[in-house]
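First chain A sits with chain B, and in the next complex the same chain sits with chain C.
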Partner chain A sequence: MKIEKGKISGLHLMFSVSCFLQASTLLTSFFVSISKRDSWIAVLIACVAFLPVLWVYLRLMESHPGKNLFEINDAVFGRIAGRIISAIYTSFFLTLTSLNLRDMGDFVKQTIMSRTPYVVLIGICMVMSAWDVHSGGLRQITKFGFAFTVTSLFIVIFTTVQTAGQMDLNNFLPMFDMPLETYAHSANIILTIPFAELIVFLPIFCNMENPKQKLRKYVFGGFAIGGATLLLVTLRDTAVLGNTMDFFAMPAFETLRMVSLTQTLSRMEILFAFILITLLFFKITWLYYITVISTAQVLNFRDYRQLVLPVGMIVTVYSFILYPNVLAHIASGREIAPLLWLVCEVFLPAVTLLVGKIKKAIRSARPSGGGTAAPASNNDPSF
Partner chain B sequence: MIFLIFIFLAILGIDLPPLIRSRNRREIVVYSLVYLFALALCFLYAAGVEIPSPVMVLGDMMKSVGISY
Partner chain C sequence: MNRHLKKTVRALVCFLLLFGLTGCWDSRELDTLSIVTGVGIDASRKADQLELTFQIGKTEKEPGKEASGGTGSAFLLMEASDPNLLSGMETLKFQNSRALFLHHNQVIIFGKDLAEKGIKSYLDIFMRSHETRMEVWLLVADGDARSILKTETQQDKISAVSITRMILNQRKVSQQTGVNLLNFTSQLMDKTISPTALMIRNIEQDGEKKLALCGLAVFKDDVMVGQLDNYLTEGFIFGAGDVTGGIVNITAEKGTASLNVVKSQCKLTPILSGDGSITADMKIKTQLDIGEIHGFQDMNLMQVEPVLKDYATRDIEMKVQSCFAETQRLNADIYGIGAAVHRSDQKEWKSMEDIWHQIYPKIKLSLDVQVEIRGTGKISDSLTMKEGQS
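Presenting the complex of A and B:
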């Protein structure tokens, strides 16, 4: 049973993907402290390394047309094992939602509203997101992707031009002088934390209009915009801050503190804060929506909206208990998450694709018309 | 704590009428379990009970077997 029946256009999907990736520009501190001035190389390596992962996602969806991630799990692994795997995905999506909610709370608290209680910042965001998910659904959430993406790109390009006077190209030197493991570690973080988080789009790829013809084009387009933004931000921060980048919890924010148009028009970082809060709100709402429809699918609910509020309360409390402080969060983002996230982002989709292919090969090798009938859950012509 | 009770009553007020009207007993039972889980989690946190973070627990387990950077 499909929970979400609404359709979105390819362009909406593309800008949602790019918006989702652009919202992660806050998290550059996870990898710039490792690869320092060569972080842009790590971003490029991660972009290349993500292409086969993206291919797995797209092949998985294309080999099961009209099905979402949870229906595919049921079809490939059977009803019980499929549900268990779907529950693992759901808990992963829940964790991602809480993590991003926590990131937004930390960011707003540290930069703009330092005297506002944390619970108020997170509570307001969750109320707005719950309203969006409950009353709007898929079309409502993706509607503003284009506006957010263009605004974000404009601000990144504008601030890059404005900081041009403070850039020093010597900050990139010497290049390629770090151990290979450093690049691999940094690229792994970039691969798992912003890029492969695109797995959260798998439950709705089948809701795209004409998914057969244009899915690849729009998903690659969204990834290209998001990846280019991350690369541009990393290059700009390296050129401006150099090796001091790893002293800051938010290098991009520190770069923008240095922008000053005239003596009276300074403090441009508020522009960055504005667009980052907007993008993070989009990302949190998207993740929240995916968590709710995943929960509804696993629990076999007919209408996901009945679960919006209780799941929202769980997400809110989970964001408080995830990490005791920002340092523990950053340490986990560097040491644990790049490996732990691989299970849901790379291993499970790859295994699903592989098992589906093997089942298809076995079925096509059987003589047609004879023998026992295939189980109902595997009776899909797409195999 | 009073604010939390108010929030959970409001959630019941929003979600329960359509569930009862649908007369789907299974969905009512499952919804009640999710609601009670959220309620217990929120009240434990508000009461200052230390709830272990699953991500930190998994991280410690991975570190103990040497799977980490």
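Presenting the complex of A and C:
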């Protein structure tokens, strides 16, 4: 049974992926505080390290054509075990939604509206998202992707040009000066926090129009745009802020504060605030939508719209109680999340793919009756 | 019925959302703010106290009312003494009908007494607060910061604004002179670089008080240890990077001349020799234009040019060498030679980093100044030179 029946075009999917990644690129302090001026190297390492993960995701989708993540779980692990695993994914998506909502609330509260109650900031965002999820659904949400991606790319490039005068290329030197585990740690954070969060697209990859050929192309294209934005932002911040970069909770925000081409073209941080809120809104809406359809799928609802409000309430409350303060949030983002999330983001999909392959191999070996179970996975007719 | 209800609910939701978009909780009206243009921090006579001065720009007078009101100054000063910056600002709340607004702060000025005790701990608030920017200029007053902020400058009425313009003019000559909070913190965080900050002092001319930039304050860690006067500062900017303005004055036997600096570049490479000694290799390439010539009778420009070149080279060499010697005396690596060693030779650096203060005074300077005279202005030979030739 499919919860979402709408179809989206490949381009929409691509821009949703890139937009989703860009929403995280602006909050770089998690890894910048660890790998400092060599952060861009960590970004490159993470980009390379993510490719096999992306391959697992795409392979998983391709080996079960027309099925979404939850149907694959059911098919591979059986009804009960499959449901349990789907429930784990769902709770992960729920946590992600709350975390991003929290990020958005923290950002607005700390930088722009310091006296506005948290609940108002979050509440308004959630009302908008709920409306979007309820009335718009998949097609409407993904339509925004293109506009948001282009806007944020434009702003990132525009501000890079503007801060060019403040850049000092010596800030990148000396390179490779830190112990190896620093790079590993930092790359791990980049891999788990923005990149592998793309797992939230697994439930809807099957909703793409004629997915057979182009899925890889579009998903990779989206990832390339998102990754390039992250790299550009990291390079720009390093060049401008130098060794003070790891001080700030939001290096990109501080970089834009430095912009002053002339007296009139300064105070550009509002652009950052604008684009960050826009992108985070997209990300929250997307995660919210995915959480709602996952919950509907796990609990056997026919129409996911009934779940929009209950899930929204849980997300809102959850975002309040997630962390007692910013310090705990940062500590968790640095130490716990990169390891714990790997379970959902990499381990589970990989296991699913592997078990699926083995089952298929056994099944195809059984009718022929031969003791030599052929490794049939590669010439499987389904792809 | 149901459709009506739906419509009403939708309209209500839209209406309620409107309230959220105004951001009323954080509204700040211009007439409820005291816009801080400069912050002065001085040491107090009492131990552990700070004398804080906030310069607050007044908004322009309404055009019609000018005749009736007296000619008050364009700013007012608010003062507080408190051990901490933030609590000092808090006490001002009780004396002020408006809230201090730091977004447009232009300068932070430290009094010399305080700078000599160390200023690291006072920078925290300027980095932490969401109202402040890293591009604010950092200065040290030769004297107390309060009197600097108190000075009424003539053209730009608010002295903090006037100081900012002065710094921007300086930076057109060299980026090394004007130091903002970001530069300062960045230098401070690098263990071996000694931060610098522009110094400013009050001068009196014909009974009128004026402000003048007077060289650089040199810090060791966050403690001010010395001062470079304008002459040494020139030496510093020639040795520290690109220079795109300024003047080289020369006095030769037969006449004097002023040469405009068109462009000067310095390449600094530390050379590590086997016995552990370090030579700082500075290659300075300067392009000059002739700005003004006196004397040099009986000579034409072709003959004068090598003389000018020779003297200009010696003049720049002098400045750079005396500045370098002074920094070695202060043991303050303001050029960032340590950082350059770190960039070029990471392995050696590990053994040097902790004893850099012992190494720096022993560094040898190998200086190579190349001067080129490019332009002569609108004329070639000067009037005095023509006299002799005829």
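In this text, the second predicted complex is superposed on the first by the 364 of 383 C-alpha atoms of A that agree within 3 Å, B and C clash if a C-alpha of one lies under 4 Å from a C-alpha of the other, contacts with A are read in each partner's own complex, and residues count from 1 in each chain.
Going forward, a contact is a pair of C-beta atoms (placed from the backbone, for glycine too) under 8 Å apart; a residue touches a chain by one contact, two chains touch by 3 or more.
Just so we're clear, the structure is a prediction, and the values are computed from it rather than from any experiment.
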**Message:** Quick check for you: in the superposed arrangement, does A:Glu335 touch first (chain B), second (chain C), both or neither?
**Reply:** first
**Request:** Answer with first, second, both or neither: which of chain B and chain C does A:Gln306 touch in the superposed model?
**Result:** first
**Message:** Touch test for A:Gly66: chain B only (first), chain C only (second), both, or neither?
**Reply:** neither
**Request:** Please indicate which partner A:Gln110 is in contact with in the superposed arrangement: first for chain B, second for chain C, both, or neither.
**Result:** second
**Asked** So, A:Arg257: does it touch chain B (first), chain C (second), both, or neither?
**Response** second
**Message:** With both complexes superposed on chain A, which partner does A:Val317 reach: first (chain B), second (chain C), both or neither?
**Reply:** first
**Prompt:** What is the shared patch of chain A, the residues that chain B and chain C both contact?
**Reply:** none
**Message:** Residue numbers of chain C touching chain A in their complex, please.
**Reply:** 13, 17, 20-21, 23, 25-26, 127, 130, 133-135, 182, 185-186, 189-190, 339, 342-343, 346
**Message:** With touch defined as at the start, can you tell me which chain A residues reach chain C in the complex?
**Reply:** 110-117, 120, 123-124, 127-128, 131, 170, 173-174, 177, 241-244, 247, 254, 257-258, 260
**Prompt:** Which residues of chain A touch chain B in their complex?
**Reply:** 91, 95, 185, 295, 299-303, 306-307, 309-311, 313-314, 316-318, 320-323, 328, 332, 334-340
**For the chain B and chain A complex, residues of the former touching the latter** = 7-8, 11, 14-15, 18-19, 22, 24, 26-27, 30-31, 34-35, 37-39, 41-42, 45, 51-56, 58-59, 62-63, 67-69
